[in-house]
Amino acid sequence: MSILVDKNTRLIVQGITGNEGLFHTTQMVAYSDIVVGGVTPGKGGEKVLDTIPVFDSVKTAKDATDANASIIFVPAKFAADAMMEAADAGIPLIICITEGVPVQDMMRVRNYLDQKKVRLIGPNCPGLLTPGEAKVGIIPGNIAIPGNVGVVSRSGTLTYEVLYAMKNLNMGASTCVGIGGDPVNGTNFTDVLEMFQADPKTEKVIMIGEIGGNEEEKAAEFIKTKMNKPVASFIAGQTAPPGKRMGHAGAIIESGAGTAADKIKALEAAGVKVAKHPEEIPTLF
Amino acid sequence: MKLHEYQSKTIFSKYGIPIPKGRVAATPQEAREIAKELGGKVVIKAQVLVGGRGKAGGVKVANDPAEAEELAMQILGMSIKGLPVRKVLVDEASNIDQEIYFSITNDRAAKKPVMIASAAGGVDIEEVAAKTPEKIVKMHIDPIIGLKEYTARDVALAMGLPKQYMKDFTKIALGLWEVFKATDATLAEINPLVITKEKKMIALDGKMLLDDSALFRQVELEATRDTDEDAPAEIEARKYGLSFIKLDGNIGCMVNGAGLAMTSMDVIKLFGGEPANFLDIGGGADSKKVAAAMRIILTDPNVKAVLFNIFGGITRCDEVAKGILVAMDEVKPKVPMVVRLVGTNAEEGRKLLENANMITAETLADAAKKAVAAAKG
Amino acid sequence: MSILVDKNTRLIVQGITGNEGLFHTTQMVAYSDIVVGGVTPGKGGEKVLDTIPVFDSVKTAKDATDANASIIFVPAKFAADAMMEAADAGIPLIICITEGVPVQDMMRVRNYLDQKKVRLIGPNCPGLLTPGEAKVGIIPGNIAIPGNVGVVSRSGTLTYEVLYAMKNLNMGASTCVGIGGDPVNGTNFTDVLEMFQADPKTEKVIMIGEIGGNEEEKAAEFIKTKMNKPVASFIAGQTAPPGKRMGHAGAIIESGAGTAADKIKALEAAGVKVAKHPEEIPTLF
Amino acid sequence: MKLHEYQSKTIFSKYGIPIPKGRVAATPQEAREIAKELGGKVVIKAQVLVGGRGKAGGVKVANDPAEAEELAMQILGMSIKGLPVRKVLVDEASNIDQEIYFSITNDRAAKKPVMIASAAGGVDIEEVAAKTPEKIVKMHIDPIIGLKEYTARDVALAMGLPKQYMKDFTKIALGLWEVFKATDATLAEINPLVITKEKKMIALDGKMLLDDSALFRQVELEATRDTDEDAPAEIEARKYGLSFIKLDGNIGCMVNGAGLAMTSMDVIKLFGGEPANFLDIGGGADSKKVAAAMRIILTDPNVKAVLFNIFGGITRCDEVAKGILVAMDEVKPKVPMVVRLVGTNAEEGRKLLENANMITAETLADAAKKAVAAAKG
């Protein structure tokens, strides 16, 4: 067991013939056998890596492959449409790797996807890894081993750091979920914690947060009231200078929240052990 | 990207929001000319991209063109929070009866734009929000449907705006929403939105922030960017799509990913060092970008050591290594360099750097310790 | 019992100070005690008929009166916004009397209301009448008496004709629902038939259709498969000349459907007795 | 409201849909001039608001300006389905390789706009739809979200359009959606949308219907309405907001509500009569409107009796009665009038008409029977 993706995932890749799309498709295919097709408008009928069919649209790809997940590598200016296309085609799980999606696009997309009850991971995220079963994204497969620790993170490369440290301690992951660091995204900490809590294979959880927003505080509340599995954490940005202020409005709408100290305090109050540096996290259980 | 008051108000006006008559001036003489054109009292306002200019003396009222010139000269000679004032806005003065606060920004928690309004507007609005939050009205806008007239009316009603101004306010709110959408703003703020003694509603001040991620479709606005106030290194970084913030320490950092970059800084501090900068080369950085990043870091004379912490995912370690080699060849750095490469194509990357005389590290903690030691000499 | 409205309905009137709004509010108040307030932007704080408070928005009206239904008399150009305002304010039942609402407005409104799970009756409809309990709309109260026959109709005045004929035969109605004749509206025949089938007070149903669209055919299917209460019907337009054609597209999208003969055939096949003229309907049970 | 082909195509062009070069002409000389300007072969197309003009000979190809003039003269002298041709469109001729059908209309059952497309376009599209429905692609548009590029692509893919034309088609589809929205259309149809031998995609023909209910916000378009083809009575009816259709019988009908109006006609026929018209005075009709309706009915020389069937709801019977009195005073009708008033203010209405020498009726059946009898004299 695992959450969101496993060896039965049937994945299509939007933007499969682009540079990044093709590179990471190659990596994903090398890791596991879940990529069933790709989408690049105008290139339908071609193949990549000799065997993976390319389609002109998500709809035709879904019709032909019965895909149940789509990963998006298209440039930022096309990403909003790509997510909506996947949702309209009936794909229930969308992972958007693309970074730099305009925030107003994301608000429209997120509200649209919510109406359609589609699960989005990202954007601006490294995707998902269920070690030994499914690599859906750009997390290097060789830095993690299967196990019973669920990992969820707002950061990309920082997540690799933690998986790598876990592997060096022979600690394996059930699923690693990179939810992305953008202000408006699809899935938040609490959503993933809820899945980990329900997943029989996951026995412990590592949560990697960072400054800004209040998702970590909400997660702390969830951990306190709804979780019985142990959680360890790290919050990046403890020494970062305060960010740029969003006029008076920013102060009013996000008053007080968002500092590393606040987040750490909330997590510790919820019984979470918080590490001083990322390589320390796996030693805290 | 921040816009100046005068830029924001010009946009407001294009979308039907009333603003005072006025223009921007770069010299005292120009200010005098504008004051003459406007006739009567004028307000001279420093145009700088920081808050608090009023309290710093950057806003003054002039009774005639001569005084306008004199005050403009004073203000154009000022620095506000370290930023020199290069332009002033000369606006006709208004007879203020009431100051209202009104803005649209993004509520990331709600995943929706939000209107914030208060009948107790003005410079102390944050204090109002802190002490009497009931005086602050917040109403969300459905990002798909957009702002409806009735929601704007509900804002007016909720803040207790006198009914005779409901139509004016509704029009301004709908206009500001169009501004917000059309410019990909993350903030569009009118403070104060005043009711004058002549019973008119006017946006007396304006502040706008634009979404940097959306600048690709805001070409005209990006062209108006005021780079006067940016450090040359930041301008250079932006050119290459790098995220760079200068800090006061002596260990230069080049990291891929904002989270890992912040963490690298955290760990440098944890082991007794001080980072010289935040620098995220982003995902999928190629060798050109990496070389630019290295040049930017090494331009800072405070830098005594450099830490490269690259964990390959979408970024390939071999590309980063190539960039480092290109930059070293060009810049011939004199400071010690600590390199840590892990992840996608790390092996290939390490091989490329084998003969480059760099300190290598396996873990982040190890890398940070070595960088701290190297900086101490 | 009855459907949709009864003596416990708490109704607000949007456009209460307009000509039609005020006239029909007077009639509704004379009939029953369900009007709790009205809305006209700019006139909040005033009163109509000495006792009914006017508010500036549906939100403030709902907050003050706890209304659970709203009836709309505003001009066509404002009607779409009025419906959305009521929905956004949390009113679960909206009755729109206004005629001439642009069809593109109605498509947007209908799709929006569906997302919010708000029930809309109309537009371009006479509203609802639960005789003796609640008059919500413009159906003259004195032409119907309480009883056990549910009435549903796409037409306005034709409905009155039928209620009047029923009354003359001493036949009463449980609730009469005028769903309106516009191409895109809120509630259709099948929705109402389902409610009547579930309503213990309703023993028989009269359905008044007309040419165009295929709602009568769908209703026939529903009657055939899901109803056990007797249904009598009349279809207006049996002698009408064929309507204006919507180019080729109209022929393709609505091919064949919509004639009175087709509808009558479908209904008769579902066991519905179809009258030759409206005054005959009540005699068919 | 219907638009002519040339009007539709002008709008298409404004939204980036390619159309042939060409202009409308009212005289053969103008047609010659246009043909000269265009050079080469031209197509002369009758501009009438009915279908089937091609089969009626209203579309012809001319090889030179002289032939254009001659053919334009022929076509301008024609009547098509009873409508005189007053204008022709002179378009440059295209070398057609493939004819595609593409339209956007409203799918009332789905409550959404729908795109209809077929690679087997042309005048026989309805036959294609009937015989080989699999060749017709239908895809809905979310009226709130609007048409997305990928949905337009899906249409192109589903109809099997050669891939090289996918981008052209997508652009045209998005353009037609903008046309549909901006004009409050109920139909925007391109048939044929052709691919030329020069590999270009062009909207060769265009047909548009606008939502009459939305004309209040389509003032410019309404001003272009071509009333040449409307009966004077229909123009008069529209002026007063009445819904009127002339028929062939001899019993004039004035009814409130479309359903009751149709029913009144049904019942007249049921009892052996023939209605002279459909006339719905709408809801809330005042006396002016009623008087206009009565004048329109009595203008028809075939009318031998008039049936007024008013069931008051939003319409008040006393207002209707007043209108009848005004009109009778003005028109002094010679034919017998049967009046039935029931519902809101019926009592007051009946009182007003007491001395007007009209036949009264209680039920609709009774009223219809009396009208039929009266018409027979």
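For reference, chains read A, B, C and D in written order, and residue numbers begin at 1 within each chain.
Note that contacts are C-beta pairs under 8 Å (C-beta built on N, C-alpha and C of every residue); 3 or more make two chains touch, one makes a residue touch a chain.
Just so you know, these numbers come straight off a predicted model, no measurement behind them.
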item: Inter-chain centre distance, subunit A versus subunit D - centres from mean C-alpha coordinates, in Å; value: 54
item: Centre distance in Å when subunit C and subunit D are each reduced to the mean of their C-alpha atoms; value: 27
item: In subunit A, residues with contacts to at least two other chains; value: 112
item: Subunit D: positions in contact with at least two other chains; value: 144-145
item: Chain contact graph, described as a line, ring, star, complete graph or other shape; value: other
item: Pairs of chains, among all present, that meet the touch criterion; value: A-B, A-D, B-C, B-D, C-D
item: Complex contact set, residues of subunit D against subunit B; value: 144-145
item: Contact set on subunit D toward subunit C in their complex; value: 51, 101, 103-109, 111-114, 116, 125-126, 129-130, 136, 138, 142-144, 181, 184, 186-187, 189, 191, 207, 209, 211, 213-214, 216-217, 245, 247, 255-260, 262-263, 265-267, 269-270, 275, 278, 282-284, 311-316, 342-344, 363-365
item: Subunit B contact footprint on subunit A (complex, rising order); value: 19-20, 23-24, 27, 76-77, 97, 99-108, 110-112, 126, 138-140, 143, 153-161, 164-165, 181, 183-184, 208, 210-211, 213-214, 234, 236-241, 245-255, 276-279
item: Footprint of subunit A on subunit D - complex, ascending; value: 145, 148-151, 153-154, 157, 163, 166-167
item: Complex interface listing, subunit C residues touching subunit B; value: 41-42, 44, 56-60, 81, 84-85, 88, 112
